[in-house]
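Chain lettering (A, B, C and D) follows the sequence in which the chains are written, and residue indices restart at 1 in each chain.
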């Protein structure tokens, strides 16, 4: 893990990059990184995020600034701007079930090619997907999902990069921290090594590439 | 969750049942439950366990008492009795890679039909399995694994059944606690509700059917 | 009684002690208000919490403790938090005993449509498809009709949420089950007759010999 | 120098600061003893720990903190523990930078056999197949020959551990790489000549113009 400024971190992300962003309706989202993505006007992004949050909050800021060109998400109904941009074909949107979304990312992070899920069988979600039978039951083959960058928000980070999360701000952050080529983390608190007990670490240090330093 | 005596708990397990037992070389194994399984002479068991531990320790006790008739495991090289029983065809043994073992159990617990893994492609492990290509890469289809009973060992259990695990005794316990029809737990310490912080719970209470009471 | 409250109160009677329950947004959320205090039900919020509590007192809300809509909630003693992989492992893996969801349409075979209206409402399915596929029991809580049109239809015209039929539909007029795979009138709301329900229901309903009145 | 120590010291030189490293049992375990103190390497034990420390002082061992063989170990400050799904997610997902494993045979194409001898040794593969499939770099640490027979063979006669070739083999006599897919003699052990290595190696080795001596 390397401590880095938010400006330097975002400067590494090219326009057109694929980014996974943690958070659920803006809760547990690395706001400082998104503010800087907007400031540096990184455009044409492929965004992988559970939802579109709301205007002005979390990944909603990326829609406010019209920086997203492709989106994989599970629900964007609470962000009218994202809805408008989708309906106006400014964004190519892939809406998928939330359990499938998280398993595809987990598969991407854990070296699996994909998973078989019952979710979506017999619905529009099955269109174009392989149906695989196991012991007489039908499942959809859902393939692994990865990104170039994961933007992750933690509660505690220690000097090595071990992470914990708080309450419902954990959500997609731990799986995303495994599924990207480069993992950039903001934390509410940076603490010395040993403050986080081994049993409480959720994301072990070697998964973290960059931690946004204070100040 | 229902508190129960170890005698009553094991009395629920019929001979010939399939049981998953947590632990890695006997570390993190519910010894009290296994002692009672031996005392009640539950025979013809289908055992799903990472290894065979060593004679006298962990699931090794089940081999000492010759109670196992089928075994799915990843490594039994450190238990000569299990090796002997396998070579004498007293036990049908399915040895599978450890990452595949845990993903199959996780799939069983999470309602997935299976996962695609690169592990074992081009080896003996691939015999009789479906090979599935995703984006030009080959994966083995490994199907979900469940049992009738999971015997789980925790570090802390609260009065509701929330569980935490200690250090390397966590291993397969949390995934097994999701992948069986009936989940029976022993804990090093039973503590009041609220002693375990929400962020530290690893196995949430609703997954636990029975907790072995003290005394 | 307010129609939504009839529905919420009736659904609450389906919950059992020890159940893990997931409530969707809208009417389902109201169900929590009518669970008897002595019933120990675990409520899951799919953004990563078991043990959701009421809206916090003024000044006590924490920005990192919210429901799936991003609104502040509290947590009860014995609550557990977890990531989304675990949350949907619980849902898909059959560990959620009951899910209560809103509906746009339920048809005579018990199929639910509740996530999109082509050309009009395309918000995404969120967790709905996993909940209907994976929960042990799926209960739909919705008004019987909208704008004078029955929401209990012969065949869903809207895209299905799952190929798996739901177990129970509770409306402001009736409780409908799917014994032997066909919509069956189980109960009527207080003061509502069987004929009245049939008149406002598009789907063919099987009518048993006796149809009791809902207990609320 | 003891052959095992030659191997362990040479392998240790392959590790870089920040690497997540998994050491197999046997000779690989010795590698940890030769990592320079200023090199910050994370060692994983696949039973659920990153940050393995040395064997505990007398009386300090804890029965719930062990290595993959069930033997007491310690944990360094900043250690992390996790379940087996996470442990193998790290391994299969390419998060382990280097794994060092023992071998029974490695062939000219870099294929490793290290988990069974049909009719003789059938212990199970444990984590070996996942490690070879998933780690970024696979290093085999083994004696060059056993009972006078080369372990660097033309073609593995024993069942393969993975279809994926290993990256480096370090023996008591040589370092062998697999540039362009073919076994290549990279270095010789101190005092060992190229001819001597070739004489005890069954596989055809590509011999570059210069073959430096191992630095230990």
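Note that in this section contacts are C-beta pairs under 8 Å (C-beta built on N, C-alpha and C of every residue); 3 or more make two chains touch, one makes a residue touch a chain.
None of these values were measured; they are calculated from a predicted model.
Chains that count as touching both chain A and chain C, per the definition above, are B. The minimal number of chain-to-chain contact steps leading from chain B to chain D is 1.
Centroid to centroid, with C-alpha atoms defining each point, chain B and chain C lie 34 Å apart. Here the spacing of chain C and chain D, counted between their Cα centres, is 55 Å.
With centres set at the average Cα position, the gap from chain A to chain B is 32 Å. Among the residues of chain B, those touching two or more other chains are numbered 103, 106, 110-112, 117-118, 165-167, 170, 198-199.
Taken residue by residue, chain C touches two or more other chains at 49, 75, 81-82, 85, 88, 91-92, 133-134, whereas all remaining positions touch fewer.
The touch graph of these protein chains has some other shape, matching none of line, ring, star or complete. By the document's touch criterion, interfaces exist between A-B, A-C, A-D, B-C, B-D. On the side of chain D, the complex with chain B involves touching residues 45-49, 62-66, 68-70, 75, 81-85, 87-88, 91-92, 121-130, 133-134, 159-164. Note for the complex: chain C touches chain B at residues 18-20, 42, 49-51, 75, 77-82, 85, 88-95, 97, 133-134. Chain contact summary for the complex, chain A toward chain D: residues 1, 106, 109-112, 158-160, 162, 178, 193-194, 198-199, 201, 204-207.
Per the touch definition, chain B reaches chain D in the complex via residues 24-28, 50-51, 53-54, 73-78, 83, 86-87, 95-100, 102-103, 106, 117-125, 155, 165-175, 202. The touching residues of chain B, counted against chain A in their complex, run 103, 107, 110-118, 132, 134-135, 137, 139, 141, 143-144, 164-167, 170, 198-200.
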